[in-house]
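Below: the structure, in C-alpha cells.
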Amino acid sequence: MKLSTKLLAATAIVSASAASAVELEVTHWWTSGGEAAAVSKFAEAWNATGNTWVDGAIAGSGGTARPIIISRILGGDPMGATQLNHGRQAEELIEAGLMLDLTDVAEAGGWADIVNPSSLLDSCTLDGRIYCVPVNIHSAQWLWLSHDAYEKAGQPVPSDWNEFVASAPALEAAGMVPLAMGQQGWQQNLAFGAITIAVAGTDAWREVTVNKNADVARGPEYTAVFEAVANARELARDSNVQDWNQATNMVITGMAGAQLMGDWAQGEFSVAEQVEGQDYSCLPGLGLNEILDTGGDAFYFPANDDPEITAAQKELAALLISPEVQVSFNLAKGSLPVRGDIDMAAANGCMQKGLGILADGGILPSGDQSLSADTQTQIEDLMAEFWSGDMSAADAQARYADLIAAAD
Amino acid sequence: MPDTALTGPRGPKPKKRFSRNNIFLYGTLIVVSMYYLLPLYVMVVTSLKGMPEIRLGNVFGPPLEVTFQPWVKAWSEACTGLDCTGLSKGFWNSVQILIPSVVLSIAIASVNGYALSHWKFKGSEVFFTILILGAFIPYQTMLYPIVIMLREIGLMGDLGGLVLVHTVFGMPILTLLFRNYFASIPEELFKAARVDGAGFWRIYFQVMLPMALPIFVVAIILQVTGIWNDFLFGVIYTKPATYPMTVQLNNIVNSVQGIKEYNVNMAATLLTGLVPLVIYFASGKLFVRGIAAGAVKG
Amino acid sequence: MSVVEDGALRGATGAKRPSRLFRNPMAKIASIPMILTAMVVFVGGTLWTVVHSFTGSKLLPKLNWVGFDQYERLWDTPRWLISISNLALYGICSLILTLTIGFILAALLDRKIRFESAFRTIFLYPFALSFVVTGLAWQWILNPDFGLQSLVQGWGWESFQFDPLNNPDIVMFGLLIAGIWQGSGLIMCIMLAGLRGIDEDIWKAARVDGIGTVKTYVRIVIPMMRPVFITSLVLIASGIIKLYDLVVAQTNGGPGISSEVPAKYVINYMFQAQNLGQGFAASTMMLCSVIIILIPWAYLEFGGRKNA
C-alpha cells in the first residue's frame, strides 16, 4: 500500500506539470476481441485523467504494425506511445536517442521494488536507464483443452501433453481435429517452443536458447523434441485456419480437442463466456513441466520535442503500471500483472495457476529476450516449412541446429 | 491518329447470325465472363447474407433473407481496436488524399511527357529511361530511403508528403503515356505554332492540351484506381486520424473478433472498391480509346 | 517516329551555339520534377539500398561493412530459393496466360460482335480493384468448405478436389487464378486497341489470298502488333516482380512457406526480422533481375529504332 501511495504521489507530480489536456496517439496491434477489451481499460483510465487517448490500432500482427511504427519514429513524426515487445527489439532505437528516458518516472514510482519478476524491468533497461513500461507478462507454454470435444469423444479430459497425444485417435474417430493450429509461422514456432520445454526440460532449453549451444540442439533431447513436434504436426493436419483466435475458436466450439497457445487465449474464452474447469481446461507447461516464460508487452515512448507531450508521456507511463490499471487490464487480457503487490483475487483458475507458478519462481526468460528478431524469424520460417510439409524430424533438427549456431 | 484508332472492329465479318462459329464465339465469351463476374457476384451475395446463413456454407447461393446490416456495419460500426467508426472516416480521408495527388501527378507528368516528346534536350532520354526503370522497383525497397527523404524536407507524416510520394511513383507510367501520346500529335502543328512565335507553355496550353482529352481520361483512371487502392504508402505516411479507406479496410478485415464476419468483410471490400469501379463503368469507351492512343504507340 | 529524329537534330544543331544549356530553358525547367524523381528518388534510393546491402544493418541503417555476408546467407536460405522459384513459376505462367488470354479475348471482341462494350467492361472491371480485394475475394471462393470445391461436391461429384490454397503443390496456381483475373482485362484492352490499329486492307488481302483467319492472326497480325506486345510485356513484368499484396491478402505465404515471393521476403526481413542488411541484399537481387530483363527490352525499344 505504501508503494502505491508513493506511486500516486509520483503520478500527481507529473500530472501537475501537464496541466492542460493532451492528446496522445497510442499505436498497438491488439485488435482481437479480448485484446480490444483490454486496451480499452488503458484508454478509459487515461481519458479519466482529462487527457485523450487517440487509438492507433493496426490490425494484422506485430509484423504489419512494426514497420509502420518504426518508419514513423525514424521519420521524425512519432506517436505518443507505442506497444513493442520488450527484449531486444527496441535496443537500436534507444541507442539512436529516439526513445524517451523514463528513469525519473521509474524511480519516483519505485518500479525496481514492485516489478516482479525483476527480469521484466531488466529488458527495459539499457546502460542503467529505463526506457519502457512493462504492462503484462505473457507466457506461451499453455495447452487449452475443450471439454465439449472430449465429451463427444467419450474420453476424460487429459491432464498433460502425453495423455493428450494418447487421446488423439479417439478425437479423430469422433470427427474432430485433435490439435487446432493456425497456419502462421509464429504460432507453429510457439507450439515448438512449448513442446520443447515440456519434452526436453528446462536445462536443455536454456543451453540452446540462452547460450546458443548448437551441440545440445543436435543432441538426443532435441531429437525427442522434433519427433514430438512431428507427431503434433500429424494431429494438426486438418486444421486449416490462419489466425490464432480462429484456432482458439475451434476449441471453444468443440471442433478441435486442444490448442497450444499463449495465455492470451484466455481472453477469447472469456469473451465467449466460457468457464474454466467446466467448458475448458488449461495446462501451463503442458502439464509436464510447470514452468512459464516471461515474455510480455511493453510500451515505449518515442522522444518528442514538445515538453507538454513529454510530460503527458511520463504521466501515461506511470498510469500504465498503477495498481488499478494493472488489475483491470490484465483481467481483460488474460495476462499476468507485472507487479507482485496487487490483489488478483478476481482472476480465474487459469490465471491463478499462472500466478502460482510465478510466485514459486518457475520462470524462464522469454525467447524475445534471448534470440534476436532475425533468428526468431528464421526459426519461424523453418517451422512454417516443417509444419506444412513432410520434412523429416531429423532434417528439421539439423537445420534448427545450424540456425542456433549462427544466432547472434 | 488517336481518333482513328477506335473507328470500329476490323476483324473479318461473321457470315451468319447463328453459324457454328457464332455459337462458339458467344459461348466462349459467356463462359469467360462468368470467370470474371464470379468474384463480384460472390462478394455481393455474401455481403447481403446474415452470419447464420453464411455458416450454412453455400457461397454461391443467393441470400435467402436479404439484409443490409453488413453494409451498415462496414460503413459506420465496424471496430478496429477501440475505434468503431467503420469505413466512413476513411472515405473522406481517401478523397482528401486522392484529389491533390491526382491533380499534381497528372499536371507534372503531362508537362514532362510534352517536354520529352517535342522539346527533347541532351540527356532527356536517359532520364526518361531511368524513370521507366523506376516503374519496376518494388515500392517496399524504397520505404526507408523515402522516409529519410521526407524527414529531410520536413514532410514526414504530413498529407503533403503522401501526395508527393504518389506523384513520384505515378510518374513513370504517366510520363510514358503522355510522351507517347504527344509524340503522335503531328509535328506540323507544333512547327506551325513555333513559327507563330509561341513558346513552351503557350503551345502546351493552346495546342496540346485541347487535343489531349482521351489521354487525360486514361491518366485520371489509372491514378484514381492506383491511389485509391494504395495501402502501403497510406499506412506508413499517415496517422490514424488521416488513415485512408484501404488501411481501415485492412484493419476491419484483419480484426477478427471471435469468428470472421465474412459478410461485413465483403461489404467493406465492395465499399472500398466502389469509387474506382464507378469511374470505370462511367468512363467506358473513353478508357479504351485513351489506351489505344497512349500505350499502343510504343 | 519522325519526332524523335527531329528532336535529336535540333539538339545537334543547337550544339553549335555557345549558350546550349540555356536553349529551351522552359523545357528544362519543366523537366526538373522528372529529373529529380529519376535521379534523387530512383537512382539515389537504389544506390542507398545497394550500399546498405553490404552492411550488417539491423533495425536502423548503419554503415558497418560486412562484405558479401548478406548475399551468402541469402542464397543459403531455403525460403529465398523457394521465393525465387515461385516467382519464376508465377511469372512465366502469368506472362504466357495473360498475353494469350488478353489476345484471344481481344480477337473475339474484334469480330463485330454484339454487346462488345458490355463484355469489355466485364473483362476490365477487376483492374479497378486492388490486389488486397482480389486476394480476399478469391480466398473466399477457393475456401474448400464454402467455395468452389464444396459447390462441385454438392452437385454430386463427391471426390472433386480443388483446394489450392491449402495444398503446397498447387498454391501458386491459386494465386495465378486471382492474378490473371485482376490483370488480364487491361492487357485485353491494349490488345484490342492494337488490333483496331491494323489496317482493314490487311484483312482484305489475306482473304483474297485465301489465308484462314487463325493463320492471318498468327502470321500477319501478331507480327504487326510487336509494339503492343512489348507494352503489354512491360506492364505485366513490372507487376510480376512487385507481386506482394496479392500473396499477403490471399495466402500470406502459406501453407508453410510454399507461396512465398521475393518482395515478401524483403519486407519480412527488413521489418519483422529487423535485419535491414538482409532485406536490402534481397531487394538488390530483385533489382539485378529487373535490370537483366530490362536491358534487352531497352535495346529493342531504343536501339532497334535507330537502325530502322
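Observations, loosely collected:
Chains: A, B and C, in written order; residue numbering restarts at 1 for each.
FYI, contacts are C-beta pairs under 8 Å (C-beta built on N, C-alpha and C of every residue); 3 or more make two chains touch, one makes a residue touch a chain.
Quick caveat, the model's predicted, so the values are computed rather than measured.
The chains in contact with subunit A and with subunit C alike are B.
Set side by side, the interfaces A-B and B-C show unequal numbers of C-beta pairs in contact, with more at B-C.
Remark: subunit A and subunit B have CA centroids separated by 40 Å (rounded to whole angstrom). In whole angstrom, the spacing between the mean C-alpha positions of subunit B and subunit C is 16. Along subunit B, residues 143-144, 148, 250, 253 each make contact with two or more other chains. Contacts with at least two other chains are made by residues 67, 74 of subunit A. Each of the following residues of subunit C touches two or more other chains: 267, 270.
Only residues 5-14, 25-26, 28-29, 32-33, 35-40, 42-43, 46, 54, 57-60, 108, 111-112, 114-122, 124-125, 127-146, 148-149, 167-168, 171, 175, 183, 187, 199-201, 225, 228-232, 246, 249-250, 253, 262, 265-266, 269, 272-273, 276-277, 279-281, 284-285, 287-289, 291-292, 295-298 of subunit B touch subunit C when the two sit together in their complex. Taken together, the subunit B residues at the contact with subunit A in this complex read 79-83, 143-144, 147-148, 150-151, 156-158, 235-236, 239-241, 250-260.
Interface residues of subunit C facing subunit A in the complex, by the touch rule stated above, are 58-60, 77-79, 144, 166, 168, 252-258, 267-275, 278.
Put simply, subunit C touches subunit B in their complex at residues 1-4, 6-8, 10-11, 20, 23-24, 26-28, 30-31, 33-35, 37-46, 48-49, 61, 105, 107-113, 116-117, 119-134, 136-138, 140-141, 143, 145-147, 150-151, 154, 181, 185-186, 189-190, 192-200, 203, 207, 213, 227-228, 230-231, 234-235, 237-238, 241-242, 244-245, 263, 266-267, 270, 276, 279-280, 283, 286-287, 290-291, 294, 298, 301-302.
Contacts from subunit A toward subunit B in the complex involve residues 25, 27-28, 30-33, 36, 39-40, 43, 53-60, 64, 67-68, 71-72, 74-77, 79, 243, 245-246, 249, 268, 271-272.
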